Amino acid sequence: MPGPLSLGEIASALGGRVVGDAGLLVEQVGTLEHGGARHIAFFTNPRYRAQLAATRAGAVILGPQAEALSALPRIVSDNPYAYFARVAQLFNPRSAPVPGVHATAQVDTRARVAASARVDAGAVIGEGAQIGERVWIGAGCHVGEGAAIGADSRLYPAVVLYHGCHIGARAIVHSGAVIGADGFGMAQDEGHWVKVPQIGCVRIGDDVEVGANTTIDRGTVDDTVIEDGVKFDNQVQIGHNCRIGAHTAMAGCVAVAGSTQIGRRCTIGGAARIVGHLSLCDDVHVSATTLITRSIRKPGTYTGVYPFDENASWTRNAVYVKRLADLAERMEALEKRRKPRKGKHG
Amino acid sequence: MPGPLSLGEIASALGGRVVGDAGLLVEQVGTLEHGGARHIAFFTNPRYRAQLAATRAGAVILGPQAEALSALPRIVSDNPYAYFARVAQLFNPRSAPVPGVHATAQVDTRARVAASARVDAGAVIGEGAQIGERVWIGAGCHVGEGAAIGADSRLYPAVVLYHGCHIGARAIVHSGAVIGADGFGMAQDEGHWVKVPQIGCVRIGDDVEVGANTTIDRGTVDDTVIEDGVKFDNQVQIGHNCRIGAHTAMAGCVAVAGSTQIGRRCTIGGAARIVGHLSLCDDVHVSATTLITRSIRKPGTYTGVYPFDENASWTRNAVYVKRLADLAERMEALEKRRKPRKGKHG
Amino acid sequence: MPGPLSLGEIASALGGRVVGDAGLLVEQVGTLEHGGARHIAFFTNPRYRAQLAATRAGAVILGPQAEALSALPRIVSDNPYAYFARVAQLFNPRSAPVPGVHATAQVDTRARVAASARVDAGAVIGEGAQIGERVWIGAGCHVGEGAAIGADSRLYPAVVLYHGCHIGARAIVHSGAVIGADGFGMAQDEGHWVKVPQIGCVRIGDDVEVGANTTIDRGTVDDTVIEDGVKFDNQVQIGHNCRIGAHTAMAGCVAVAGSTQIGRRCTIGGAARIVGHLSLCDDVHVSATTLITRSIRKPGTYTGVYPFDENASWTRNAVYVKRLADLAERMEALEKRRKPRKGKHG
């Protein structure tokens, strides 16, 4: 871990404006709630205003409109959360792996593993696989035949990358992620299912993060494509043949069914679902748990959530959800009666 | 991979009617979008009509009603997608595994592994387990004590099959699937939970496919049963004591709570949920994300989805979901006032 | 397995009142449906009344209000399901692991593994990790640097515990669970995502059960905390910085977004979702698939579920969900017309 830095040194490295004692030293990031004198915290969510007032952190990062809410030494930034992220990276840099292949790892003789890469205990690297510079393959990972992983990527333990799938540079893939399993290609035929062999692969760009136990299926014929900078949280499911646009982020438990195309810079809220064969344009934001059932051609935020309530109230109201058409028709009937008839009074 | 086949040869093998040049050779399946001269694609979804018109694939499979939509050499089938599946299987046959147990696999001396089976690096086969003919156990799989796997089944890397669980013949189980973990049997007692030991197992029939990171819990006392031909996509969750009827298919992220029985030939859409202790008859189709809260005795399609909208519209409308009973009562009041009183005018 | 016990012996050990032949011997728990003469079943759900009448089980556990529903030798308990759980534990005690580290396990020389602990094939124990008395680490598990596991805990095969995370005593962690992966900390900055290093850990109390493929993320700065006696079913997702109160239980596929605090003794139904930065008080019950979008300060049951229907009815009604505000306004207009104007008649 790097040594302590003054607020002035941080601002020199990352920009931002220091208010108060620029010489104050901090050595780690902290939270408003539990941070101490040597920690720098951040404030963005007004929900935590009382915590800001009471914090024992030594310094704080906040936005210009919140500048006066604290008397602590502070750094003012237009994007305090991104600023905090960069300060956290300063104090907690990713360490390059110590190179070497563990004695119990199984690397096929026809695989190519860069000399600067690290392969941990019990990992299996298949025939023709390519492991780039400074890649770190965690214990018990499985890299299939002909798969490839770009420089500086890290697979945490127990990741499975199926045959022929490619991951770009600087990826982070968390444990339990499965990349390249068969898509759910099943043709119905007289009450039985006929499997459609899944001969496409998965191609993942650079700077992608894949959460724990996330699954990304291989394409049926063409590839499933994840563009640069996409971020997946845990337990996300991406169906076969999808294309996920650059810098799109999906929160936990999102599922995208097969052959759907999602644009760039989209954000998909937790447990939202997108059905298959759709197209979402760039800059679409989907609220948590919403089911998207048709293509979206206009950027914006889309929502479809049943508002929760105390159970008794929900019970009382929910029965009418199934009588809405009836209500609407009765409304129309009432309105017709009330309306002066134009022919007679016009 | 087999060599190229003419459309005539394919039709001889699989049926269907060739229109145009029956001698045209193709060597692989392709998509309308990216297929080339040596590829045969398929067309079923009218959404992709423009792709059919523009395709550079050499041939296409389509239904009788779409026959005239293409001038390419083509095969007409009543079920073009199933036909495509079979053509894809012709060009991409499942290869039998090269037999043998990897030096780093741990096979208990009291386990029985068929001589034609293959066990990859780091796999662990417990006491009394039985591995059938031509089974392929991927790297890092764990097959518990007394578990059994039928002939020609394949477990991709990192599958866990708990003790005493059985999988039939020709299964495909994808990475990260966990079969036979304890069901969620917890009895509440004065604010604490008392664990109910889960002493049942999981019994899976023949021709079942299990997607990546899917979980199927063992029974509390009796077994959890998955009948022949069931297909599970990724991240499906099957609770303890369930019975899933033959040839039922579940898309990604479906969850079935404990002790529920689902009939044959059902299809459960992505992320649909079925609560516990229910019974669904044969041929029930549940739409994506729908929650099924009571038993279903009539075949058909069932849906319960909040329609999505632009967020501003959703916000405007959703508040009334919690006032529906009030709206309905006011409607009734209005109607009563309007009604001629029968006693007076009758 | 222990030998047979008479109903009288069971009642001596666990309490309850025997009705009928107290000398009747049973040797295992069974179900009403499939239990035999040497089995003791339980009855709590009126849905299964016909099964109680027809059962061939030798004895049954039931509540005082159901006492007369069976003529079998029986044990009456105020909490028959918890009683059944305890009887099942009597007949199926957890066995202590045979101590020892498998030859293929990789235990770092600076890790401490209790002599009474068991570490199975291919497991990896990192530097500085601590494995308590009688802990059983399943095959292929990965315990990160500095992680710790309390006495009598069991990790089934293929569990990943990241560096620095702690699990208390008597835990049960099922296969595929990932504890301590990075939280989804991503700051948006000009269309790109900046990763927030996740330097907190996960701290799990005593008597916690974690289901298969469940994921619990490490904290951003402070720890994610799971208190004593919490029970997670399969495929649960807990975001970074959450605190889950003691004895709270979550059914399958529940997701809790980051920085949310949940009270004690809560029950969260299957696939329910709770958004981030909320606070739920003690004794809150959330219905299956409900999305909780604001903090809850009053104990009770909360629900937000779109009722399912036959698809045709759903289609007919659902369109009006997006016209509710319009309906409500028209209702108001009608009511205004009907109302006697106070100024004139008052």
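Residue numbering begins at 1 within each chain, and the chains themselves are lettered A, B and C in the order written.
Just so we're on the same page, a residue touches a chain if its C-beta (ideal position, glycine included) is under 8 Å from a C-beta of that chain, and two chains touch if they have at least 3 such contacts.
The shown structure was predicted, so the numbers you read here are calculated from the model rather than taken from an experiment.
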Self-contact between copies chain A and chain B, residue sets same or different by half: different
Turn needed to bring chain B onto chain C - CA fit, degrees, nearest 5: 120
Whole-Å separation of chain centres (CA-atom averages), chain A against chain B: 25
Junction residues of chain A, two or more chains touched: 104, 122, 140, 158, 176, 213, 235, 253, 271, 305-307, 309, 318-319, 321, 323-324, 327, 331, 334
Chain C-facing residues of chain A, complex: 28-31, 33-35, 45, 47, 79, 81-82, 84-86, 88-89, 91-92, 94, 102, 104, 120-122, 138-140, 156-158, 172, 174-176, 209, 211-213, 229, 231, 233-235, 247, 249, 251-253, 265, 270-271, 288-289, 305-311, 314-315, 318-319, 321-325, 327-328, 331, 334-335, 338
Residues of chain B touching chain C in the complex: 104, 106, 122, 124, 140, 142, 158, 160, 162, 176, 178, 181-182, 184-189, 191-197, 199, 213, 215, 217, 220-222, 235, 237, 239, 253, 255, 257, 271, 273, 275, 277, 286-287, 290-293, 300-307, 309, 313, 316-321, 323-324, 327, 330-331, 334, 337
